[in-house]
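Take a look at the structures listed below.
Each of the next two complexes has subunit A plus one other chain: subunit B in the first, subunit C in the second.
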Partner chain A sequence: MKLYAYCVSEDGGKPVDKELVTGVGGSSVRWLKADELIVAVSDVDGDTIAITRENVLAHERVVRKVLEYTTPLPFRFGTLVTEARLQSYLQAQQAALQSKLLLVDGCVEMGVKIIWQAHSTNKESLSEEVSANSRVGEQLIEGAGSAFLMAKRQEVMGEKILADRAKEIASWLNERITASIRKDHTSVRPDEKLVLTAAHLVERSRLEQYRRTLKQACSERPELHFLTSGPWPPYSFVNVELEFKTQFGVS
Partner chain B sequence: MSSPFDKVMEGADGEGFEESDLSLLETLDHVLSKGLVIAGEITISVADIDLIFVGLNVLVSSVEKAHEVLRERELAARTGARATLAASTPKKQPEGE
Partner chain C sequence: MSLSPENPHSADPEVETSHAEEFVEQLRQVTDTLPSRINVDAHSVEQGLAKLVLTLIEFIRRLLEKQAVRRMEGGDLSPEQIEELGLALMRLEAKLQELKMQFGLADEDLNLDLGPVGRLI
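And now, the complex of A and B:
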């Protein structure tokens, strides 16, 4: 028997209503206490959790239920652990977890994805822009090698133009909403469709202000699509020491 | 469960997805690639096949996250290779010595 861990929060939060919340695999959810922290867990047979629509939604449902009362730190889907291991983790990471809980206290996460208009990043328009910028389009291209290098140059410069545009948009968005958020996590890796992905940590009391500000910002840039989601538990703001990158040796 | 999409902003057509599809995709993106991780304690399965990456703490990530890591690894490898090459290239001896 192992424990499936959903989220951790400060002791003192109201308990999950067992009648209303069902965990992964139809299991019931209970609180496990560890010093000043409590963890929402289910008792689960077996050593693995299947990625199914039901299980993923059950995980999210439990964390979302806790979010109604307090702002927890959610575990990643599939965290299956012995009670001894979980207690050990909580003791070892207690200070870091409490620090993170303080950071997200009273907040929710809001997501924003910005998408280019379909016609703004197609190859023809970028190619035209590259040619206009460098005036190389006026030069006579002779031979397959020159044509290849020309195409390669346009490809590289096209990527740079996209990156510059995306950075400008990220900077603009941040300027607009910075007064409405506590913290942000913006990822600018533009491609032909996506401009950026941002997660905003927003205080619950300022949620309406955030929405209004974002809507106003959207109207300023009709050339972009904005896809917003939330409120979420603060998934993007909780990693404690075990960032994905560090697991692969990337500093 | 209520939808995590409290609003899809005007102009976002979702590339033809239904809101429920987008909602599930966003949920997957959040619960599979973000959140607290206890080292070595995630084991999941897809279609009854266990996925175990020994020694790694993250077993499943979004495509976006994977791209990020791969790009950074590539950049780190390039930077490292340049540094190694620079260090191993013998300096030219001044002529006449």
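And now, the complex of A and C:
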């Protein structure tokens, strides 16, 4: 018998009504206490959990239920462990986990994704722009090698222009919402259509302000396509490192 | 914040976009790149190894190209040296193209997803 771990939070008193949610494989969810921490777990037979839509949604459902009451540190999907090992981990990592809990305390994660058209449609015009302003090729030998390098130069300069434009979008977004968030993780990929993916850690008390600000910001850039989502558990801000094997290896 | 079942917050996530199809397409592309199963047969192992090695070569090749462009921009190469360097890089690109064809790999196969850091190339 092993435990399937969903999330860890501080033991602040009365636990969430476990009857309200069903865990992976239809299991019931209970709380495992370890000093000042508690972990939402299910008892599971076997050493693996099937990677199915139902199980993934069950994991998310349990974590989301806890999120209604407090901000937990979610475990990765598929975390299976013996009770002794989990207790040992919690005792050894208590200070680190409490520090992470403090970081996300009272917050939820909100997501922003941005699609742009510049990654493909503008490359040629960018290259032409670079060529028009260039004097580098004026004294080159008219050979295949020089032509090859000139073409590469245009490509490299075009990529740089794209990278600068993508960076500008990230700075613009950050500037708009920085007063409404506690922390952010932003990934920018100028070569791709999905140019920006950001996770924002937002205090629940500022959630409405954040939403209003973001909506206003989105309306400022009609050339960009936005997807906003949340609230989510703070998956992007807490990587609970467990020193034991899950079915995916060491998580 | 302590657990307080008497005072829950709504945690139902909302997703808002006016361009749902575009985002679904992008997210599908991400999931399509994740292998659902790893086939361990002689051919796939050989191809997987070739993919990894060629990805690293491609990464270095691109670095060399960028370095060459920087040197050209900086004006520290003579026209003859630019021609020579360009020819060498052109041959390297052609050779890599040949190897990709041999192992049945496309341009987009030569990349590594480094998670939060992004992609290698």
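The criterion applied here is as follows: the second predicted complex is superposed on the first by the 197 of 251 C-alpha atoms of A that agree within 3 Å, B and C clash if a C-alpha of one lies under 4 Å from a C-alpha of the other, contacts with A are read in each partner's own complex, and residues count from 1 in each chain.
Here is the rule we go by: a residue touches a chain if its C-beta (ideal position, glycine included) is under 8 Å from a C-beta of that chain, and two chains touch if they have at least 3 such contacts.
Remember, it's a predicted structure, so these values are computed and weren't measured experimentally.
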| item | value |
| --- | --- |
| Partner chain in contact with A:Glu10 - subunit B first, subunit C second, else both or neither | second |
| Touching partner for A:Tyr89 - first (subunit B), second (subunit C), both, neither | first |
| Subunit B versus subunit C as contact partner of A:Leu73, first or second or both or neither | first |
| Touching partner for A:Arg206 - first (subunit B), second (subunit C), both, neither | neither |
| Touching partner for A:Gly230 - first (subunit B), second (subunit C), both, neither | both |
| Contacts of A:Lys167 with subunit B and subunit C, given as first, second, both or neither | neither |
| Touching partner for A:Val81 - first (subunit B), second (subunit C), both, neither | first |
| Contacts of A:Val238 with subunit B and subunit C, given as first, second, both or neither | first |
| Touching partner for A:Lys183 - first (subunit B), second (subunit C), both, neither | neither |
| On subunit A, positions contacted by subunit B and by subunit C | 64, 115, 187, 189, 193, 225-232 |
| Contact set on subunit A toward subunit C in their complex | 9-17, 64-65, 67-71, 105-106, 108, 113, 115, 136, 139-141, 143-149, 152-153, 156, 185, 187, 189, 193-194, 204, 225-232 |
| Residue numbers on subunit B that touch subunit A, as the complex places them | 1-2, 4-15, 22-24, 26-28, 30-39, 41-46, 48, 50, 56-61, 64-65, 67-69, 71-73, 76 |
| Subunit B partner contacts - residues on subunit A that touch it in the complex | 5, 8, 47-51, 53, 56-57, 59-61, 64, 73-81, 85-86, 89, 111, 115, 187, 189, 193, 197, 211, 214-215, 218, 222, 224-233, 235-236, 238-240, 242, 244-245, 247-248, 250-251 |
| Sites on subunit C touched by subunit A in the complex | 1-5, 7-20, 22-23, 26, 65-66, 68-69, 72-73, 79-80, 82-90, 116, 118-119 |
